[in-house]
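What follows is a pair of complexes built around chain A, which joins chain B in one and chain C in the other.
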Partner chain A sequence: MRRYLAVFLIDWQNQFVYRLNFLLWRLRNILRLLMTFFLWKGIYQTGSAVFGFSQPQMFSYILLVLLVQSIILSAPSADNIGGEIGSGDLSNYLVKPISYLKYWFVRDLSSKLLNVICALIEIFLLWLIFRPELVLNFSVSSLIGFLLICLVSVPAYYFLSLLTRFVSFWNPENTWGLSFLIIIFIETLAGSIFPLDILPAWGKLAVQFTPFPYLIYYPAAIFLGKITGFYLLRILLQAFIWMLILFFFARLVWIKGLRVYGAEGK
Partner chain B sequence: MKNFRVWYLYSINSFQRTLTNRFITLVFVVSKFIRIAIFLFFLNLLLQGVSSLAGYTREQIIFFYLSFNLIDTGSQFLFRNVYSFRPLIVSGDLDLILLKPINPLIRVLLGGMDIMDGIMLLIILAVVVYFGITSLSVPVFFWLGYFLLIINSIFISAAFHIFVLGFGVVTTSVDHLILIYRDLTSLMRIPVDVYIEPLRSLLTFVIPLGVMYTFPPKFLIGLLSWQLIVLSFILSVVFVLISLVFWSRCLRSYQSASS
Partner chain C sequence: MAEIQVKDLKKTFRVQQKDPGFIGSVKSLFNRQYQDINAVAGVSFEINQSELVGFIGPNGAGKTTTLKMLAGLLYPTSGEVSVLGFTPWDRKPEFQKQFSLVMGQKNQLWWDLPAMESFILNKEIYEIPDAKFKSNLDQLVDLLDVRPLLKTQVRKLSLGQRMKMELIAALLHTPRILFLDEPTIGLDVVMQKKMRDFIKEYNRSFHSTIILTSHYMEDVKDLCRRVIIIDNGKILFDGLLSDIVNKFSKHKTITVVFDRPVEKRELLKLAEIREFNFPRAVLTVDRVSVSAVAGKLLQDFPVADLNIEEPVIEDIIREVFTNHRPS
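Then we have the complex of A and B:
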């Protein structure tokens, strides 16, 4: 445990080495948020409710997305995993008394902590600047539900990104291909641009069978109190099942990948 | 002519490099189509939920989005190499390019044409023309103007990419800068008129993304005045010239670190 705490602390410090890079990364997140904010503000000029969402409900959702993205999707430059496999640098970790997968997960957590702190500050500043009317009628149960789904979705996203990077075991020169596909699905099907409530019933049902809505939409909807009672329990269970599936496949691909790993480049 | 030959050779090499892994090429192309298809689906849903968007009809909004993809993919097809500029700066390998008797911009800006985007570009172009002809019914003359404005947009995009390269020389932070540019351009998936003031004017006249992405389809629909057409060409020339001056100024501060 102390080893991983040391990794956490070192990574925490490392994040302040390339400060401009980090600031630009946060600027990107704010820009995306502003993009969505102004998009919906423009759309709401044509009517008071779109897809059953009032303007305050939509703005609350948008601000929450920034927070949820920081908790679940922020990660250190995870391309490094693919790069380390491709360059043979993975060998340096395999000979150390440390689990490579836990090592990166701890780095993931360190990155999330910093991103969450920044996101909270940004949300507060954006709220101060634009003063949008918000609807935050969450209860204790929705707050507990939100924490539980985050606890499940954080590792789920980590396993999902591992799966895309492990392609490097078989194709060391192209670490980016599958990741790109997953990014596209997260961009569109996870609920970052629009809440999934706007989808027709069949569409909403279909995306439940993918891991993507559990990364943004469901955490935000639970926090906003749109998902409660038995439905909340069902979504939590589904998120947990997805986490287990992704863990199983990530582990399977890792084991199979290690068998073909030849430390090329070393 | 020499520069053109060098650019041609760089492009052929880049195509060959990409095609060494056909599966990944296919994954990229399919992913990009999925993104376009899902956003079209979203737009369609949105336009069912609201009567019109900034006064535009459903067909016009879709045409704006298709034109956005045409310009965006065209820019990425030509200027893909900007995305791999950072390693040249942090390793000092830019020295090797600066020493060659060609304009370094040929290498760093145009030296990595992306065949994946080339494939996408051809398909999107076909869709734009087909959709435009069947849904908008405009005279052939308007198409000529439309494509001239698209070329104008590519020049503005070139200027943006040159600015990013310049900043990259000074700060070594190219990756996020180019992605910030990409995030800003994604605002233009819908017409700039949808956005409220002052964002609309900011995106049209200060950061001329509105000129780049919204003006060509607006012209085709017949909603662009001749004054704005002239302004867009002047803006592009000025923008390119400023970016070239900026690039040469930034090169002076290049320190050849790590070389």
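Then we have the complex of A and C:
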């Protein structure tokens, strides 16, 4: 355990080396948020409820997505694992008594912590500037539900992103384009851009059979108190099952990938 | 029992082939052509504790591939390997704590942080006790003379300084077995010498077993008593460095200096002339007839000085590689 604590600490230090990079990344998030914010503001001028969401509900969702994204989707592993497999840098870890996959998961956690802190500050600032009307049905059970689904969806997203990066084992030359495409796809279906309620009925149904909504949409909806009681338990169970499925797939592909790994680049 | 045992080890890679140019790229998108490359084609050897063995061979000979299998990075196509009683590619932590792989062109240090941070991380990864970590670090830092650099960002270090730090990171857990792949690549001559002295010293004081690959014959000559020559995935020679000369060189060189001019024709009757520049001549002579030729020279020619020399090892190895290449 201590070795992974050491990984956490060194990554934490490392994050402060790229101060400018980090600042720009946060700025990107804020800009994207502002764009969504103004887009919806425009839409709400035509009516008081759109797709069953009132304006305060929608703004709460948008601000919340910023927080959920920083918890679930911020993962430097996604930017590095494919490259390390392709370049052969993976060898550095494979010869050591440490698990490469746990190593990157811990680094993700370190990055998530920093991102969550920043997201909370940004949400507060945005709220201070725009003073939007928000709906917060704070209840202990939705808060616990939110924490539980994060606990499950953080590893689930990690396994999912691993699966996209492991393509490098078979195709070391390029996976960046592919991964980028997949990530955009995932983020949209997860509910980063809009709440999934606005999808047509068939779309909503289809998305329910994928692991994606458990990453953003459900956590946000649980937090907002839209999912409660027995329904909440069902969603939590389903999220857990998806996490297990993704875990087994990621593990399988990892083992197969190591068999073909060429340890290139000297 | 030998620390490293390798029996009939083979590794075949499937390598994608692509025609040159844009058309070739398009074609390879739809119809990938593969070729099987026998990188290691049946290699067997044993290495005992505290031996320092040099792997030599031209680029693509199979040295690094063999090393990677010994370190557990690659699964062999067939054959058996036992290192300290472990099968390397099982990647057991108990095994991994006892060896280190240093690749001259790979970094394990955190690029943006001082090297010390990477050392601390390795301390935890390898579960090195505090006292041992401190004494090992002190010793290595002093041996390599890098104490003032410990707090400098790795990216700001020179290649030589970085290589020293890489070595420290690899040696903190005092590995019993050390695989060094081109440890002196890219370093200047002075630095190469320092590296070699360090490796020698490390081998002596820790009795660790070391396998070294290098393109620089100097490294091998200076460090290794035993060498394994690999080419085309096969072992051409496994034995003492000094025996290479006897085994592969059928010739010796005689250098003579004459008092008075001599006829080149007369000399040619005795031996092959490599160089003739009065008063000096260099002759290549069959190993078996060296003494006879030397005797004849002294008897029949006006010889002022005569020297019999073994050919230099670099020449022999070059000869070995050229003769074994299919081209």
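In this text, the second predicted complex is superposed on the first by the 261 of 266 C-alpha atoms of A that agree within 3 Å, B and C clash if a C-alpha of one lies under 4 Å from a C-alpha of the other, contacts with A are read in each partner's own complex, and residues count from 1 in each chain.
Basically, contacts are C-beta pairs under 8 Å (C-beta built on N, C-alpha and C of every residue); 3 or more make two chains touch, one makes a residue touch a chain.
If you're wondering where the values come from, they're calculated on a predicted model, not measured in any experiment.
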Touched partner set for A:F169, first chain B, second chain C, both or neither: neither
Chain B versus chain C as contact partner of A:L199, first or second or both or neither: first
First (chain B), second (chain C), both or neither touched by A:R3: second
Dominant toucher of chain A (residue count), chain B or chain C: B
Partner chain in contact with A:L189 - chain B first, chain C second, else both or neither: first
Which superposed partner A:Q13 touches (first chain B, second chain C, both, neither): second
Touching partner for A:G42 - first (chain B), second (chain C), both, neither: first
Chain B versus chain C as contact partner of A:F138, first or second or both or neither: neither
Partner chain(s) touched by A:N21 [first = chain B, second = chain C, both, neither]: first
Shared chain A surface residues [contacts with chain B and with chain C]: 18
Residue ranges of chain C touching chain A (in the complex, touch as defined): 13, 64, 68, 71-75, 91, 93, 96-97, 99-101, 103-108, 110, 112-113, 117-118, 120-121, 123-127, 181-182
Contact set on chain A toward chain B in their complex: 18, 20-21, 24-25, 27-28, 31-32, 35, 38-39, 41-43, 45-47, 50-51, 171, 173-174, 176-178, 180-181, 184-185, 187-189, 193-194, 198-200
Complex contact set, residues of chain A against chain C: 2-3, 5-7, 10, 13-14, 17-18, 88-89, 91-92, 94-98, 258-259, 261-263, 265-266
Chain A contact footprint on chain B (complex, rising order): 21, 23-24, 27-28, 30-32, 34-35, 38-39, 42, 45-46, 49-54, 171, 173, 175-177, 179-180, 183-184, 186-187, 190, 194-196, 199
